[in-house]
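Submitted below is the structure of interest, expressed as structure tokens.
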């Protein structure tokens, strides 16, 4: 059985990637899962500088989901390269670095620095984080901003680049198109949905940043729809995510059009989920006599069943 | 390396309408757990609740020959998961990941150990008291609760030779008021030369008071902090505590891996 | 205790309204709940003509939610007026008629017809149904379309009008503003999120219409955030909804900025929910010594807790 | 007016690895239920699963004096709610709303009643058989399943004097094949003058075959259809069945209130 997939020039041994912000810098999980066994690891979003992020409370559970506003606490790109990358390299992890800036120049600078580092497989451009004040999602909510960030980064790196799209837009497919036109190798979607939970007893928001990003199974049906829409709109591969909690969910995204998937929140619920995902996909391939998992990508059958009719 | 056990519920002992002790079969976790460590528990099947919740290892259960067979949790119900744990039936299986986090540093004699517990914050002190006893450390438990009926396992601690200093908010047992009051009195009375390690676990306000009081008397204080935790493994950055570093700077540390036991004098209390 | 609220000129005895499409034409529930006890009833979306809607399957459960594509099956406005309105009137229900058209003229025509009918308290303009091919959501996804429908209807009716906004947009507050400028008395939000579920065994969508609308607790944190955003943007009242399942949830929407709320999916789970909601709100008012429920509207306290800071 | 009972589980009888009979204390629902009606059951607390699921009333349970005390469900596990119902423990409470829907129209002697059941489609026929027996109607049950071990409650029907015609897909009991085959043979053999009412419940394919066969022999057929139901009360329009009206037009009717029992000859089978 062949579980390998391609995301542009990036060959992955399987389609399961750890989602950014949900797997630390990868090294935190080295005890729990063989990092080499993963299709890839999207590390926690990095800025140029170190950041302390928002005060606690930073998360709150919601129905079948969670809201977070971490505020991109992080060690900055240089410490990442010196303190984390060597171990990731030693463990033969496929490292996708998720980068975030407040200006186009910052993205460019990050891309330059990381292109020179050894052991970076691809760059995921986080233009969709709902939890910071400037940059990030403001690019991701504007077609022009998306195009500008992607094309500027394209000019300075030979690494595969995957802009990560926000679902907080009217027409996500147009953003996938803008990314494709600007030279992206693939698009990742979805980042979290901007959301809010209020404690009615205190009438205060449950997280310190007032609003945060919603992830987890709750959002899965919306994310699947968005992957499906983007699949019609662009030729570049799609990395799909949002609420994947088991192999069935991963397959659903692939059938909708994702060449690979990422798993975030579910890793919090079950850090031993990875071999279960691989096993579940293998079972499915066996049951359906599918030799190459790449063959199911985008195969959803939406032939209309005579849809609307009027009584006579 | 943490273990994820599909732990069978062996027994569920209700202590009150809010508190219970849940015994779980989890030999590998029990064998590895050190005082102050915790487990991440998934209550209920399916997505409601979605995330695991952190619980201190309360007791390490052992068979006749002393081999570890499981752990128990001291649970106080305050929401959906703790409610499910309160109602769990023997035979059920509950996913339990651990042991996790940095344990207490156990002192040696002649240093005395003073444990300060507020409510369900008693949980990590049963195993700590055993470890202290094994080292022959003289121990005191300052333990406060809302009322007499919510002061649990007193005989257990007495049996280990732990001196008990009890307080209740309603005065129904021990001194009326907060548990930090007798702690402070005792600190004031103690000779500055006699070494004491303070351990604290309980609500944030109590921890802040205990840590501040300890610092005022120049005593070290290990506090076990309580944050909402998404993962327990350092992956989500939800559980941060604001701390001072050596140079007056502030930073956020992940209490699930740098803690839950942290040096009280470095924490910035809000 | 005073549970009454106002939505513009419309006075409601309490803030709990049955959401459109989740309570039939109201009469279906006359056995289960005293219709007069509700703040109001938003009846199932009506077109001018009868419609048969989509074939089954029309719904599928999702994590803490449900996806539906009913396709606005309905008896049309004239049969509604003759067959349902008299009973609703007799039972003293406050009737909010949810109307849907494929052109501006159809909305105008519907508004004209209903303005002449006896027993209609308000019109909810459904410009946000994700489950039909033309009209509906296309108006709701365009500021111009929203403005045009609302201002055209405004010209022909004296009834309070509540455009119902879709959450499938980048900036919902701008739609609330467009509605306000066009003369709306209030806005209702949110309608459902466009979403999709695929059966991985058959690789076919789980519902006949391929995509559908997501409702239920899963979406609540996003809906609360949108109500909060609209509250900052407009002066007209907001009718909030999306995943309300108990009194706490209803209060959360009100504290975020909703003058009244609607309950949809939860009525399927528990058709006896209504007195429980009233009771829960009363308990809360007692506990917090609130005399008038209207006083909590928009009182969320979002004073910044020193939000972002950088290590030194 | 339907009743929403927080029904206590009285007993749970497993019949196989997939099937069980769950007995629920719900006197008011039991007293009101007519053969063919259903209840909407909420399995589990919380939002997973979210919606209720429809189940036929299988048996009406009675005390020694014959007073209705509850109902039972014949459950086949196929997903999350049916799995929870399979595992439900005595003492648990399960919200159960009913009775709902249009029941079977029970015929009178000398009309014969032929019940056609596929798998878990047996459920509504236990109460129907009792009602037929009370009216002295001669009854036959055509009952098909995958294998012998999945043909349940045969003695119950025998005890009511119901003639049994059994089929299994693997031939392990009765005739090998589908249940509509013996039905068709019997229809062909029956005198056209002898009045017969056909009742059918089971998978959609079987219902279509039974209804079409009945129509071919000009026999009335009441089918109990199975649709995914959001509410069970006519509120959501999820459960529609496409039907022909008198004038050749087609329309969607809500099977929860117009059905689940519908005239087989008016249904448009896909």
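Note that the chains are named A, B, C and D in the order they appear, and that numbering of residues resets to 1 at the start of each chain.
The rule is simple: a residue touches a chain if its C-beta (ideal position, glycine included) is under 8 Å from a C-beta of that chain, and two chains touch if they have at least 3 such contacts.
The model shown is predicted, which means the values in this text are computed figures rather than measured ones.
Any chain touching chain A that also touches chain B appears here: C, D.
The chains that touch both chain C and chain D are A, B. Centroid distances built from C-alpha atoms place B farthest away from chain C.
Taking the mean of the C-alpha atoms as each chain's centre, chain A and chain C sit 32 Å apart. Per-chain Cα centroids separate chain B from chain D by 55 Å.
Inter-chain centre distance (chain B to chain C, centres taken as mean C-alpha positions): 47 Å. Annotation for chain A: residues touching 2 or more other chains are 52-53, 55, 63-65, 216-218, 309, 311. For chain D, residues touching at least two other chains, in rising order: 47-49, 250-251.
If you sketch which chains touch which, every chain touches every other chain without exception. Within the complex, the chain B residues that touch chain D are 44, 46-49, 80, 89. For chain B in complex with chain A, the touching residues are 1-2, 4, 42, 47-52, 95, 97, 227-228, 230-231, 233-242, 250-252, 257, 270.
Partner chain D is touched in their complex by these residues of chain C: 21-24, 28-29, 31-32, 44, 52-53, 55-61, 63-66, 68, 70, 73, 216-218, 245, 265, 267-272.
Across the interface of their complex, chain C is touched by residues 49-55, 62-65, 67, 71, 132-133, 141, 168-170, 193-198, 200, 202-205, 208-211, 214, 216-222, 224-225, 228, 243, 248, 251-252, 255-256, 284, 296, 299-302, 304-311 of chain A. On chain D, the positions that touch chain A within their shared complex are 47-48, 245, 247-251.
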